[in-house]
Amino acid sequence: MSSEAVLQGRSSRGIIRQILREPLLGPLLALVLAVIIFSLVSETFLAPYNLSLILQQSVVVGILAVGQTLIILTAGIDLSIGAVAVLGTIVMAQAAGAGGPLVALAATFLVCVALGAVNGGLVTVLRLPPFIVTLGTFTAIQAATRLLAGSQTYQVPQGPLTFLGTSFSIGRFNTTYGVVAMLLVYLFVWYALSQTAWGRHVYAVGGNINAARMSGIKSGRNLFSVYLATGVIAAIAAWAALGRIPNADPNAYQNANLESITAVVIGGTSLFGGRGGVVGTLIGTLIVGVLRNGLTLAGVDSLYQNIATGILVIVAVAVDQFARRRSL
Amino acid sequence: MSSEAVLQGRSSRGIIRQILREPLLGPLLALVLAVIIFSLVSETFLAPYNLSLILQQSVVVGILAVGQTLIILTAGIDLSIGAVAVLGTIVMAQAAGAGGPLVALAATFLVCVALGAVNGGLVTVLRLPPFIVTLGTFTAIQAATRLLAGSQTYQVPQGPLTFLGTSFSIGRFNTTYGVVAMLLVYLFVWYALSQTAWGRHVYAVGGNINAARMSGIKSGRNLFSVYLATGVIAAIAAWAALGRIPNADPNAYQNANLESITAVVIGGTSLFGGRGGVVGTLIGTLIVGVLRNGLTLAGVDSLYQNIATGILVIVAVAVDQFARRRSL
Amino acid sequence: MTRAEEVPPVLQARGLVKKYGNVTAINSADFDLRAGEVLAVVGDNGAGKSSLIKALAGALVPDAGEILMGGTKVHFRNTRDARAMGIETVYQDLAVVPALDIATNVFLGREVRRRGLMGTLFRRLDMPRMRTESSGHLSDLKIGIKSVSQSVETLSGGQRQGVAVVRAGAFGKGVIIMDEPTAALGVRESGQVIDLIHSIRERGIPVVLISHDIPHVFEVSDRIHVHRLGMRAAVVSPKIRSMSEVVALMTGAEQPTDGERAGGG
Amino acid sequence: MTRAEEVPPVLQARGLVKKYGNVTAINSADFDLRAGEVLAVVGDNGAGKSSLIKALAGALVPDAGEILMGGTKVHFRNTRDARAMGIETVYQDLAVVPALDIATNVFLGREVRRRGLMGTLFRRLDMPRMRTESSGHLSDLKIGIKSVSQSVETLSGGQRQGVAVVRAGAFGKGVIIMDEPTAALGVRESGQVIDLIHSIRERGIPVVLISHDIPHVFEVSDRIHVHRLGMRAAVVSPKIRSMSEVVALMTGAEQPTDGERAGGG
Amino acid sequence: FGVAGCSGSSDSGGSDEQIKVGLVTKTDSNPFFVKLREAAQAQADASGAELISLAGAFDGDNEGQVAAIENLVSQGVQGILITPNSSSGILNAIKSARDAGVIVIALDTATEPEDAVDATFATDNLAAGVSQGEWVKATLGDTAPQIVMLDGTPGGTVDTFRHDGFLQGFGVEEGAAEIVGQENTNGDQTKAQTAMENLLQRAPGVNALYTINEPAAAGAYEAIKGAGLTDQVVIGSVDGSCTGVENVKNGVIGATVMQFPAKMAEQGVDAVVKYVQDGTKPSGFTDTGSQLITDTPVDGLDSKDTSWGAENCWG
């Protein structure tokens, strides 16, 4: 890709422009501001170990937020994504006992993609509102997960299933393969959204579905593919979750839906569809992670942390709005 | 009003037409269907006592859903409404101890309206997205409530504060003033939305805020008033909640936001704003209440109930879509 | 030019500027509307005509420059301020709320309440009256619409435009601005709008008409404001200049006289 | 009429019906487009012109009736089916995605990928090429736009229309349908669209032009399809009928001849 | 392999330094944890230590607890007190904390295995459940039991212990015919009320009620009162909050089993302080005990009355 980039100097500048054209200035400013403040308050904050921690803590919600971004770009919303990932962890752990790690991975991807297909089918074929569809499947999947798991949690063995929790070092910076996986998911989806026809169609479908249809875009198919992709992403998140905690718990990640939506919206993607992108979501995810970590390092108790987080989320978006209005 | 209605025969037919023009057929069908099925499955289901129970159980979320409808009609969303009501109950209980029931009621309305003003101010003055604003205030208000309440729940004395829990009979039908209050809130807001300029402006602001502004509507003021009204409604919900259980608990109603949004959306109001109304929301609230009650009567275990509820919510909306497409 | 010096223009702008990022939509534009006249504004696509009239209607706050009414400076923060001064506008992008019905759209922002207690105390709208009036106005324009309780999104492009025109025409007291009101209208409906403009002028109310239809412009206007590259290039009289000369002025192929350039018309 | 009998019409409709609730938008309408001709469709607002061409373009599935291409029955479930048969359309409501840039809008649904592995394997779009081509097409139409990377929502009404016209004009191979393509365009830009239509006809591609601008219609069309009350009232020849006669036919003030009524033109 | 320990931040040890203790509860919301937090705060203040209290967002928020442990280690605390959400879910995080030289003490809920932490100060929730079951059974006497169980969150460790303990104390098997209804309430009074109202429609003959905690019992009581069945139903609960004891006194709840969160917290903080000061590591399981509180004692069951309860309650 790098030789291509040299040959196509004009287009790679185009890519950078493309990145910068997303309304990222605000979230970025908020993130930088938070980092500066916390590094003044606590010496440990900027330690490589601590920065790596923040990344690791962001992995699962960060990956889910990529799927959420896709759905929100199509003017939808996915309330079930966290529940799908949790079911994924249970399936993975149970299948690992029965058939070994590869079977377990395959089963997880299969189940998550199938559930993506159910959501996508209801949204595209029956044309039901995504909010209701995913609220319904969320409720049903969560209950099904608990039934499947009984009242138990399941340990997974060290090995391929916990691979994404394995850590490695680059210089002084120690991190896990889960972080790498997250960044790869972001890179991949960023490329698909901004550099392929499929991605342009996602924006068109989210921005004006009638126009998209009249332009000959297979809007149903495009929408459906987005839900399938989100299923795949949920499976990756499930895998990463077992890397973080090698123990599948039917009660885990109950707030993952809201947290992933928060990351998307802080990142500047419009809930009305058609505007935004994953780079903003990554920044949004990091803002949330930095806040939690930084406030703890500053010695703030969690109730006060919640008050502070609530206010800071609003401030982050206010900074964004302000920056955008200035730049107009 | 009745003599007026006689004189204005044409316009009262207009009102009925107005009611029917909201996309209500689907939700209504779904409700009727659910009622028929459950009355076949369980003999007790149609007993006046049981029907009254369903209404009573719907009171708090039903009232909150009216406020949620207003906000959603303006193309917003209120994630904080449940937290505001819970804070209202704590304030009411604490102020009752300190200053008696009237002071308590006044304090509650004041606090709830003030929080509505905070949400409304951030949305209208700073033009921040309602999702982010109310997510932020939700987080902060919930934490503040817990700090305020300490580790305690607060008993309120019988009297004005529990008035909405008092029951009375109409023939064999026994119900509470809370149910009456809920129905009055619905009636009042229905009137305001469909019969006054303020209501038309709410739809205009939600449907096309630029057009509303260019038509000379004070869109900011209208939007702000919606948030204030929602504050008032949250206070009424808090009062009704203490009627149900005379014990203010900082941890109650954690799902009230999602439940109220669900009722609104099942009721056919569009999350994109400008379409829908409170009659649909009432039906939506009842659908949820009937499902929960009916499934329990049918002896369905709670996890299976959740699965069934999830599926039925989707079915209810699918019926709606189908009915609407037929009627086109 | 003498008349113009005696009575100050009804609506006037000096040196208006509006930039979007690095696009200059209005580039130090002047504007003069005299009492009782029909002033046409013509210019290429993207010349900045809509932006100019948005500034005059309060829909857009200019970065610089001033607006005067009857010689006194005014400051419009929003369309309400402009409306309060009697300025009514038909916007090019129509500014209707698709999900609401026609009657509600026509009366949006100026709803009529019932008489008596029902209106004052209960603030109930007089929907029957608003329906009757809007359907009267629409049939004056010969826009055939079955029911004014229909939502605007079910109308054809031309019918929508008719709704927007009716709204401004029915309520304008000071100045009526129309941004391409006949663009989507049929021959007959366009003719009705032209008639409407004539009858508004007869009521003594000045009209600003933006149009790409030069024959219409010549049929109806007293003076023609030629807009080019974000500013007023000239004001000409349709009695002196021919249609092709006006088109040439729009594209810059011909130069205006000094008087025309100065806005003397 | 002999020529028409020899070669089957390129695009034909018989007895099309489309109802919205109790509004009949298309009321058993016929339609014939001959090879290489420019067919104008005229009619009052709400006559059902847009609905008719939406049915022909696959944007609307009629309740009854049939569509034929080159004499064989076709069934369009969506615009893609129609496009696959070479039918390109400029819709009255433009069908652009406001948040996307101009180049993306022009190539929407027919994006160009890079050459080589980058395109086939990585499916990377060739944005530079799409930008260059769209800006070429736009300047052919003399629509002055600074940058094709600008989002469509920042364009003036006329510029948007230009984008929609460019899209259809550049890609149509079989039939090009334009629903009021010049409604928002300036004199110069309208002239360019008329030129574009001429040049399309020279390429041998037939054009359907819906317009309220009767002089334009007479300037460019070979035959005129008069639409009234949801159906074809007549097909007339601009060489035989005058402008005022056509307007009278539209409103029903004048009756067509039997041949005209039968669509003989 | 395991997660590498941190070197950058484990610069604790010097006893001249401020002692920092981290507390990680399951949630911020449950009054039980609030009491735990308050008691820990008081104890820390008394010993001149700094306390940072964190919590998961909901019951089962392992990820939140893991992040809290990681951030506390990064912050430089010497000891972490934790009420683990799931007994095994967060062991890796605990292990890396201990590898980094932080001592970890479980409060309220034991980990599995128990020696994953340095020490445990907890209520035996199974025993608490057993007490509740025994009392309800004994109070019912010869009446044929019809049991309703209002659980908290399915799958939670505490939930499971209390639930199983109740059945064991009552002497019935899971799934027995005597159990006429069961609902999940998340320990929320409003959910419990609605659930009980609906269950009473189906099983109007219910006479024995298990509740996961006192708010659930209070909600259920409203439902039972509404149906006019207060004399028929024997209500048991667990917690020992002051509101709960008050409710026992007023006859809302028949009996509750009191826990002693303050004891757990105080002992936990003391253990950390002691370790920092002189290096003594705490170890093993310390049962902080539970006590049946009722004004209608039954023979053969040790119980205290509500005035004792009011003196020893929490919250």
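Read from first to last, the chains carry the letters A, B, C, D and E; within each, the first residue is number 1.
Methods note: a residue touches a chain if its C-beta (ideal position, glycine included) is under 8 Å from a C-beta of that chain, and two chains touch if they have at least 3 such contacts.
If you want to know which protein each chain is, UniProt gives these names: A, B = ABC transporter permease; C, D = ATP-binding cassette domain-containing protein.
Since this is a predicted model, take the numbers as computed values, not measurements.
Chains making contact with subunit A as well as with subunit C: B, D.
Set against one another, A-E and B-C show the most C-beta pairs in contact at A-E. Using mean Cα coordinates as chain centres, the one most removed from subunit A is C. Rounded to whole angstrom, the centroid-to-centroid distance between subunit B and subunit E, based on C-alpha atoms, equals 34 Å.
Remark: subunit D and subunit E have CA centroids separated by 72 Å (rounded to whole angstrom).
Rounded to whole angstrom units, the spacing between the C-alpha centres of subunit B and subunit D is 49. The distance from the centre of subunit A to the centre of subunit D, with each centre set as the mean of the Cα atoms, comes to 43 Å.
For subunit A, the set of residues that touch two or more other chains comprises 146, 303, 305-306. The set of subunit C residues that touch two or more partner chains comprises 20. In subunit E, the positions touching at least two other chains are 28, 154. The residues of subunit A lying in touch with subunit D in their complex are 4, 8, 10-11, 14, 17, 191, 195-198, 200-201, 203-204, 207-208, 210-218, 274-275. Contact residues of subunit B toward subunit A in the complex are 75, 122, 126-129, 131-133, 135-144, 146-147, 258, 261-262, 265-266, 271-272, 303-307, 309-314, 317-318, 321.
By the touch criterion stated above, subunit C contacts subunit D in their complex at residues 20, 23, 43-47, 50, 92-93, 143-146, 154-159, 161-162, 180, 183-190, 212-215, 247, 250-251. Per the touch definition, subunit E reaches subunit A in the complex via residues 1, 3-4, 6-9, 28, 50, 52-55, 57-63, 66-68, 70-72, 74-76, 85-86, 88-93, 153-156, 159-160.
Interface of subunit D with subunit A (complex): residues 57, 59, 78-80, 83, 89, 91, 94-100, 104, 108-111, 113, 118, 122-125, 127-128, 149.
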